[in-house]
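Both complexes below contain chain A, partnered by chain B and then by chain C.
After this line comes the complex of A and B, so read on.
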């Protein structure tokens, strides 16, 4: 009797073990992101993998792809099978619907805060001692100041840089577009190199020693300061800048194809969790969760921020006027 | 800029020239490949700067003399340093962009294997190839083939003689085929080959390949069915300008589906297909016949992986079987042709169902075949056995119908030898040295010989009472020959990989019919023909 019971228990145990093994899945997700989010998602992925395994038993491997936001969006449209995209601006994600119907038109309403779990802005990174005494946008358009910014045709960050300069000029010239164009023209006259993405521009400025000021994401500037040290670079906060709202979404077509729809959704939702928000803040992204934002308030300087909608009437309009073929950037720099 | 550089060079002569020199070296190192990738405007700017610095160095040195000592001027130096750094970075970015572009930019392909476009990863490709054959046919004077008589009187014989002397010397564009082929990913491919030669406009090949595995490749569309050896050889690669007699029994193209593959380490190739069932020698486009045909072929190269005398030996057998039921409008039977492309056998036909011979039942073919290649020597051969069920309604009565199984056979062997040292193969000849007399290149020269025979069942010529050309016979001895014997010799010259010039002499003699009178049939005159060809195939 005793032997029989042990056998039954052993069989039940073996069945349970095998059933668990059979149910647990190995999942691979591809997150196609913009240039300076490498460090953020390296840390976040580890946290999510742990979270998801504890919740479901499934092992997730998250692969990352980084580059200029526009370029990354085009890669997905051309067939790079991303389960999720975490790009710099909504226009690039809109293209996934417009050009390839990979996502629904209302993708931005699927997650809180217009699907932007964190925000950022554009600041200046200068060399130690700020030898050109750069304090605000007016200083970087002076002759002899070397400015480093990426190419707005391929980089989301560069588009924020361009629009921030334009909005500053409008604000200080009675909203005169001609004055703004003249101002931004002067800015580009100081730009010698256009990298394809924000990380490339950082390399140009820090590692190749080109230029006096780097226009970059706030998170990228703080990361550079952390890595290079205060004896090499300084951050200058301009008086007025842009509210950057990098959005995220599941790429429905590919996530469904891979059978990853559920985990991809969870991956993005977890960005809004306290842990996800903490990780964003630690990587110098401004968290959307009020509690976490309050905790890290001292880390982020206060400055006047404008939104794309308020000054430019939305990304679609701004994109067409400034970065479309024959647009303002082409008129200034490319043609 | 010159003043700034002058000042700088005065103060930092060594540092300035060294910096520029290093950058220039960095930009142009690694030979042509690297320098080709540097944007020309950057390279030009840098070269100009370097020249200016070197020139100014010389001037300063001459003015200052040996006691000159540089004085620090950081602002100017840093300005120039920035220019150099910017150029360096631009070059770096340009190279990165070029590297990225190479991953996606399609590659234009142009060469002896055609012209095309393919994706950067090589998985997608469209290629334009071509085959053009310009021929000349010259028949020996007075022996221009057929002398078939329509009547028995002297006048009838004279008129018919004139009327049927159809073998004419001529030039002909035998084949004019633009070939569009490509690959669609790692698995799929296609080919579309129209032909505008010989006063035709037809689709020769139009098929889709799905190469799932070397041992399982599926082909769907119009292509050569897997039966005979010579038919399966590319029209650009057959040794003689015209196919041997045996090809009269085998379809040129058919529409269907086949699965094929190499197994046993490529020592055995198999093919199994299901087709409409094309007529002998025909290129089937429309099938009026519900019954289909199965074709299969096994071809072994048992020593393919063992270098030695037998490595180039291959042998196998092809076969087909199917039902064919013809009608008055389409008998599903065909004529047989000589090397000079003259008809020497045809079944009886009439304008009505009566007297017209129709395919009516099974058509089976069995084709043992072999090839052997060793150095410049090439040997190919095949033997064809064909069984064809036919029916003829020879009168208006219900019983005035005769059905028989007609048994035909034929064979041919072709030998070739490359005099200039190249290796012979089933897939054509590549000259070791292209034609270039100034540098000792004469192309590849090949001699060749062929012998073959074709026999139509004698029963086709007799009626059921044993009378030659009688009431219910299937063929008339006055019009058709029962046997043909062919031999030919020739030479092929390959000045380049894509051009071939051929000259063949072929003689075909006919036995048992093809001329004379109904009461006294005679052998058709022998055919002696010179066949010349200039071919471009790429």
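After this line comes the complex of A and C, so read on.
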């Protein structure tokens, strides 16, 4: 009912436009994104609207949808007609191909840097003065340390948290998976709340006073620091963490249907432009452009980062072994 | 059929029944049967495996246990609230009466966030309980608190009108016939209220079983401990395990249906017993 009304409206609009000749178009884009990117895209959308209008004269309105990455991908698969998706990890975008053939299989090679215009990592947020003296991953598995992390079954960020801890344990135990499992089990024994998304976990840690350390996205940690003030929380950078590559892609099927293919592509490409990169950096995402990265170097502490591909052999494999049915997470919680 | 038809003097039984069946099918039966059909994607063995994993079983126990507990608390305290609202007059009574409906009107997420803010260790109530070693937020106790909160209006609103119809004279008659206060209460008042109380209990219970929004904020959501079944269903969905999610939902549906049927039977039995006496 609703879609047919929209179709009729669109058809009427198309008629009106063709009748009056080459008028500036009104374009509406839908960007379906994950939980902590609200502030990033709020700023970026304004910049892109301006850029696109000065370039083509067309007026774009970008609508945003945010939530846990898994939920968001499922919404698109089930028919939320997103023109672009900007999610936390490639596994969830892969599902758009696997489950509904909305995008080609090789979607990730269509844009530079594995389609990740910005990267991030996982850091610790602790309470002012760091009363439990948390410096690295070893410190958060000690008895008596309260850890807050979301549920990796529903949150992309939580999957990065889990894998970062696992990789750290592998590195310090001669790549022994049994030791890594023991390490991560101890970590989860310190967890008393599993929220469904990164933002929920931040709220639990900051507003409800639960736990001593929050495992979270670097950008989320800086945002919390900005909102709460340095008199409440501190950021601790571990010695070793994961390179998080949140990828973006055009949802071909829906973008073509809306006649938005061109603008949707430009929307994502502009993320790689100096201005897009600046906005990402200002919102505490690590820029991929070397010049912008150099400019913001002091903002992003240097730490040893590993990729999912190098340690876990890619998302598909990591997902299955760690978060699938009967995987490591289920084993830890005694499935 | 014939019996029903002859018992009513009003015409239009056929169309009315037809409409009822059509409406119920459209609104209730078709969506529910879709859940059953989706489940058929699993073989019987897979279905049993999915719905009997320890984590799923623990969540059933928690969801139904906490819902029964919440509904029981509501049946008890809701009866007292209804009693006070009907039998006494006091200043601000209308206001209290209106307050009862608030849990209906409030978005459940707001209720959940408010409750978890209150009961967290830095909240108003939580900070008083924490020194005594009592934890409410992020434990199963928190779930019972949330389910009690959302279920309260059901009991009060079902018992209230029945209590209003139960005139004071009945109690006076019982007393004048020599009944003690306790006898008046459990031989006269309770039997008349029981059907309404059971209805309220059943509604509060049913609502609690399906509750998601308010619970996830206060539950802590730890597998095996404080993870409710609706959350597990959502989790399965977000892992793209659609048929597994519906399998868990179907078991939940059947269990709920059986429990509600039991409550209805109980109600019928208590109503009958009352009539015979």
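The definition used in the following text is that the second predicted complex is superposed on the first by the 312 of 335 C-alpha atoms of A that agree within 3 Å, B and C clash if a C-alpha of one lies under 4 Å from a C-alpha of the other, contacts with A are read in each partner's own complex, and residues count from 1 in each chain.
Methods note: a contact is a pair of C-beta atoms (placed from the backbone, for glycine too) under 8 Å apart; a residue touches a chain by one contact, two chains touch by 3 or more.
The shown structure was predicted, so the numbers you read here are calculated from the model rather than taken from an experiment.
Enquirer: Should the superposition on chain A be reported as showing a clash between chain B and chain C, or a fit?
Expert: Here chain B and chain C cannot both sit on chain A without a clash.
Enquirer: Quick check on the superposed pair: does A:127 touch chain B, chain C, both, or neither? Answer first, second, both or neither.
Expert: Neither partner.
Enquirer: Count the residues of chain A touched by chain B and by chain C, then name the partner with the higher count.
Expert: With both complexes superposed on chain A, more residues of chain A are touched by C.
Enquirer: Which partner does A:210 reach: the first (chain B), the second (chain C), both, or neither?
Expert: After superposition on chain A, A:210 lies in contact with both partners, chain B and chain C.
Enquirer: A:146 in the overlay: touching chain B, chain C, both, or neither? Say first, second, both or neither.
Expert: Touch status of A:146: first partner only.
Enquirer: Go through the superposed model and pick first if A:74 touches only chain B, second if only chain C, both, or neither.
Expert: A:74 contacts chain C only, not chain B.
Enquirer: Should A:66 be classified as contacting the first partner (chain B), the second (chain C), both, or neither?
Expert: neither
Enquirer: Looking at the overlay, what does A:186 touch: chain B (first), chain C (second), both, or neither?
Expert: neither
Enquirer: Mind working out whether A:95 is in touch with chain B, chain C, both or neither, as first, second, both or neither?
Expert: A:95: touches chain C, not chain B.
Enquirer: On chain A, which stretch or stretches are contacted by chain B in one complex as well as by chain C in the other?
Expert: 192-196, 208-210.
Enquirer: Using the touch definition from the top, list the residues of chain A that touch chain C in their complex.
Expert: It comes out as residues 68, 70-71, 74, 77, 95, 99, 151, 153-154, 191-196, 207-210, 323-325, 330, 333-335.
Enquirer: Using the touch definition from the top, list the residues of chain B that touch chain A in their complex.
Expert: Residues in contact with chain A: 82, 85-86, 88-90, 92-93, 96-97.
Enquirer: Quick check on the complex: what are the chain A residues that touch chain B?
Expert: Touch residues, chain A against chain B: 146, 192-196, 200, 204, 208-211.
Enquirer: Name, in rising order, each residue of chain C that touches chain A in their complex.
Expert: 53-55, 116-117, 120-123, 137-138, 216, 220-224, 231, 234-235, 237-241, 244
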